[in-house]
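Should a chain be cited, it is by its letter among A, B, C and D, assigned in written order, with residues numbered from 1 in that chain.
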Amino acid sequence: MSHTVRAAIIGATGYGGAEVIRLLQAHPYVHITSVISTSNAGAPLADHFPHLQEIVVDRLDALDVELIAGKADVVFLATPAGVSAELSPKLLAAGLKVIDISGDLRLKSSSEYEQWYKKPAASADMLERSVYGLCEVFGDEVKGQDLIANPGCYPTASLLGLIPAVEAGWIDPSTIIIDAKSGVSGAGRGVGLGTHYAEVNENFSAYKVNKHQHIPEIEQALSRVAGKPVVTTFTTHLVPMTRGIMSTMYATIQGEHSTQDFIDKYKAYYEGRKFVRIRQAGKTPATKEVTGSNYCDIGFAVDERTNRVTIVSVIDNVVKGAAGQAIQNLNLMYGWDETTGLLFSPVYP
Amino acid sequence: MSHTVRAAIIGATGYGGAEVIRLLQAHPYVHITSVISTSNAGAPLADHFPHLQEIVVDRLDALDVELIAGKADVVFLATPAGVSAELSPKLLAAGLKVIDISGDLRLKSSSEYEQWYKKPAASADMLERSVYGLCEVFGDEVKGQDLIANPGCYPTASLLGLIPAVEAGWIDPSTIIIDAKSGVSGAGRGVGLGTHYAEVNENFSAYKVNKHQHIPEIEQALSRVAGKPVVTTFTTHLVPMTRGIMSTMYATIQGEHSTQDFIDKYKAYYEGRKFVRIRQAGKTPATKEVTGSNYCDIGFAVDERTNRVTIVSVIDNVVKGAAGQAIQNLNLMYGWDETTGLLFSPVYP
Amino acid sequence: MSHTVRAAIIGATGYGGAEVIRLLQAHPYVHITSVISTSNAGAPLADHFPHLQEIVVDRLDALDVELIAGKADVVFLATPAGVSAELSPKLLAAGLKVIDISGDLRLKSSSEYEQWYKKPAASADMLERSVYGLCEVFGDEVKGQDLIANPGCYPTASLLGLIPAVEAGWIDPSTIIIDAKSGVSGAGRGVGLGTHYAEVNENFSAYKVNKHQHIPEIEQALSRVAGKPVVTTFTTHLVPMTRGIMSTMYATIQGEHSTQDFIDKYKAYYEGRKFVRIRQAGKTPATKEVTGSNYCDIGFAVDERTNRVTIVSVIDNVVKGAAGQAIQNLNLMYGWDETTGLLFSPVYP
Amino acid sequence: MSHTVRAAIIGATGYGGAEVIRLLQAHPYVHITSVISTSNAGAPLADHFPHLQEIVVDRLDALDVELIAGKADVVFLATPAGVSAELSPKLLAAGLKVIDISGDLRLKSSSEYEQWYKKPAASADMLERSVYGLCEVFGDEVKGQDLIANPGCYPTASLLGLIPAVEAGWIDPSTIIIDAKSGVSGAGRGVGLGTHYAEVNENFSAYKVNKHQHIPEIEQALSRVAGKPVVTTFTTHLVPMTRGIMSTMYATIQGEHSTQDFIDKYKAYYEGRKFVRIRQAGKTPATKEVTGSNYCDIGFAVDERTNRVTIVSVIDNVVKGAAGQAIQNLNLMYGWDETTGLLFSPVYP
């Protein structure tokens, strides 16, 4: 195809990188030309991911900006915090487009980054230049850009579930409580007691209570939409499953709005956006209903006893919360339909 | 032993019944004399629970009040909603003590029962006579009684986590939000698509949002402690694991209280009660840390940004949330130490 | 596309049917025109499978052969045993092509069918006419046919792992022992205590020892390849996971053959067949390495101490063991490349 | 109690050590006086195992033989391979009794140890002095001894299932194939990609095919019973669950023996041994039916078509396969009933 784009993936031995590979394999306009690992350059990719045997490039490339620039048009960064801050300027300087799946470029305030991530922030130039690619909300800003900060997994699920109500003034932003749950793949492929099977299996735990680095990312977007500073309570839990995020969100209703009102409001807000699906009244989505796909499914329950709405939003953290939305952003960057290569059904069961 | 008590268990082919059997096997003062199943009388118990082969009585007895009265002193009811309402008066009339693990006798208001359970309530006499056996809070009322309403699993975890703060006036009861999660054993042993392995596994779902029958039970106890009507937001979720409940609870703080203040307050409240363990600051308990045991572990995180406290409370739903607390109530009824037969360690991993 | 084929799926509320839908959505030459359920005609498909909301046809059709013939060219039968025996003749008579995912048409001997399935067999005409679609072995027979008996999940994994060695005379067929393990989706979506989450989770069990209906299917194919009757020992186990089959197979080696010899022999046998991947010496495949995909991965370990070879073969039971191979057969029937629409990567993790 | 024994546990931050603690807590004649960790001496035990908060000694002791000798009568070694070989002589010299849960002292041949474990073997003196504590078979040799080599998890399940048939000459030992499966706790608490939740979950894999260090242990015991060298095929698999081992075993029958014959033979062999339970014909045990308990459950299926018997044997690897059998050996050492402190029911579900 004349408009084939050449893609390189950095951080390919992690889960985010592997998922970018899986999804790009099915993309009609993209060809993977380089799969890069700092620590394992030269090794067969299948040594790290046997599932990819005979499917994509045989060997892992080293991280060499010049070489990448010779082979690729766009680079996906599926790297730990801190890498992109350093690497992105060089990749951009070499003429590459960059889609950063890490959290390095999402916060506009470098002091907030440093407070929550406990690392030096990216340069002010990078922070200003990067576009926060929450596609269904800020997607119009992505077209033609060359540096995308792909949203975090929790923020994606939470913000898609909250923003229409906040923007409409239907809920009081100061009352928002987000009780979020994630499968273990969200913790990445690094080893530690916290991801040991025998510790996680048959276990449900809370972690980083009030301390998760996705808190400022959520508040930054909510504040922008609300037009005033929003502070939230946000708790993360680890679910004994591999994929999936649910944000169960609570807020006090402003005005009078029924469950059906919320459904109608959200359907209108997301009209034409195929990846957001709204459940009918009386139903809320389960994480398995989006597994392996780029969908974000949302349901509502208004409680007249307490005048609160409960909003349930689910995504696959590795797809819509990482690799899938990254490719959706790629589509928007290039002016393609945002669903290109992403319209596959969830895997069920 | 001179003070051996003879116990019968009704509803023995369900999970609650099986757990009563497991725990009573280890009780020094109790002997199981009859294991009763309405639908499977005469069948070998091991046909239904192979794990109990050669461990307890061989065959299931029929439900015959007179026969039970001849063999037992106390009866555990591990039966579906509606059974105890009918059966308890007969068992009491036959001179038996009754510990009801079902929800039939927990709500003092028959109209509330009928609204939430969609079934006819027990008689006014039964509702008045029954004692709500939340041991660490209302345990003093249990001694010498003969009809105990054993608390529900969600209410046990939630109330033990909330009551000291509510009673002290440290949190505003009208702001309480309970985000609860349970393993699948809580749904019982009945078959249905909702408990099919391939539907539940690798899945996280919310259910009965704002509609769970444990809501009025929680509110009844909180209202009693607060001295005024309390209405809460309560959401239940299904976790892909067998055992365990976590209630993550949010409330706005009244006055100024740090995480350590909450810890100290709760340690004082539960002093001498071995089954409640308070985590130190910076830690919250995980469900696996109480699996198979009668412990309820609680942790706190105060967030100064939002002036809210997050309280995390975990139990094993089948033990502290059902069979274990039932035996704790038995101990209190008979005036024994409440820990008798229950001081075993959690099973880990 | 000029050569678009219209497909109908019968039995669409089960797991096999849902997977045919998922995979056909990604097929470039096929359009789903009807999704049929005997028991739920007229209902929204999303009531049964919320994950398919807004993805495929809205409503379930009734089973009406004439209507199907007006809308479709080919029918996938994802139905319980016994249905296809009755239905296939009618569908064929109406001019439809039939791919039967059930076991009804796999055994050439009606008496064997009746002995193992405990049901009346299909007519002799159907049994003769149907082609056993084990693509990588007997795929040449599929082209242009209109009635395909799609192989069972266990036979697919086991036969692909055994046939090259049996055909070469490298192993003694009378010594073959197949120790097979399957995820729970293989048991279908019907409810029962045997698929209850709390019974299956954290459990590993054997079932139908020496009695599984896939035994004669495996022996029929091995006997054909060996040129003499082969009898095997075959045990099935249930693994607490949703998808995946592993057959661990043992046989005494005839002649002298190293692990590498087996690898080379199999690579030669499956040359050009993309869906069979052979692991290098020292490695055996895990089920997760093929999850969600149409691959069958195979590894070997020769033990000189015992003169036996251990062969490990894995598939995704719902894909290569059912819906995926069915579509591979569709491709072969129509003369398309067998990989059309099926070359997606496994989902990992 | 006058005959209270003081116990120390070395390696207490692993799963085997934690389980010794759990089980000894329920033992009427034993008191835990020291919980020892080489790497974490001085730290609170609850930092490593929050589930043990307020249950047992507060702090971890250092490994100091003299100190141990002052506090304890018996030492449980739940340590990695290589530790016991060095440590046991010192503990014995200090007058302590030693129960070694590691594999260091099980093989009588030091060359076999070094071949399979890839480590220097214990001294010839230690290897000769140690008694292999497979209680139901060699238990008579344990009484009064002071150095017990506690059997491995796989050997326990496999040998209890095979020995009565081998001893009786009912099966041909040269045809024995053991297909074994284990939950992840068998891999210990060390971290690595092989125990990462997202790698293990929804996955079934074989490992160490023909190379597992339990092979010589199994063969040593079978050879002793058979009175001639026995070589077996033994494969290990990892099951996505925490606890449980199943050995599915195949052998050619010598003579004519039905399923019921095997049942009767094994019931006679294990008469009076409470921890071996034999299933009736038509049933085989599942791992969950022994979870958390010291039982080994066994079932049989004779196949007349192949003249083979399939023997299914299950244990909880952490209990009967480690800590439970260790305490059973303690009981035998001291001349107590072997079931003392171990007669608790499995945890179900």
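The definition used in the following text is that a contact is a pair of C-beta atoms (placed from the backbone, for glycine too) under 8 Å apart; a residue touches a chain by one contact, two chains touch by 3 or more.
Source: prediction; values computed, not measured.
Student: Of all the other chains, whose mean CA position lies farthest from chain C?
Tutor: Computed centres place B farthest from chain C.
Student: Using the stated contact rule, I'd like to know whether A-D or A-B comes out ahead in C-beta pair count.
Tutor: The comparison resolves to A-B.
Student: Calculate how many whole Å lie between the centre of chain A and the centre of chain B, each centre taken as the average of the chain's C-alpha atoms.
Tutor: Comparing mean C-alpha positions, chain B is 39 Å from chain A.
Student: List the centre-to-centre spacing of chain A and chain C in whole Å, with centres computed as mean CA coordinates.
Tutor: 35
Student: What is the distance in Å between the mean C-alpha positions of chain A and chain D?
Tutor: Centre-to-centre distance between chain A and chain D: 46 Å.
Student: By residue number and range, which residues of chain B touch two or more other chains?
Tutor: 15, 183, 185, 198, 201-202, 240-243, 286, 288, 291, 349, in rising order.
Student: Any idea which chain A residues touch chain C in the complex?
Tutor: 15, 18, 21-22, 25-26, 49-56, 185, 201-202, 242-243, 274, 277, 279, 283, 285-286, 288-293, 297, 343-349
Student: Tell me, which parts of chain B touch chain C in their complex?
Tutor: 15, 183-185, 187, 189, 191-193, 195-198, 200-202, 240-242
Student: Can you tell me which positions in chain C touch chain D when the two form their complex?
Tutor: Per the stated touch rule, the residues are 177, 179, 181, 183, 198-199, 201-206, 209-210, 231-233, 235, 237, 239-244, 246, 248, 250, 284, 286-288, 291, 301, 303, 305-306, 308, 310, 312, 314, 349.
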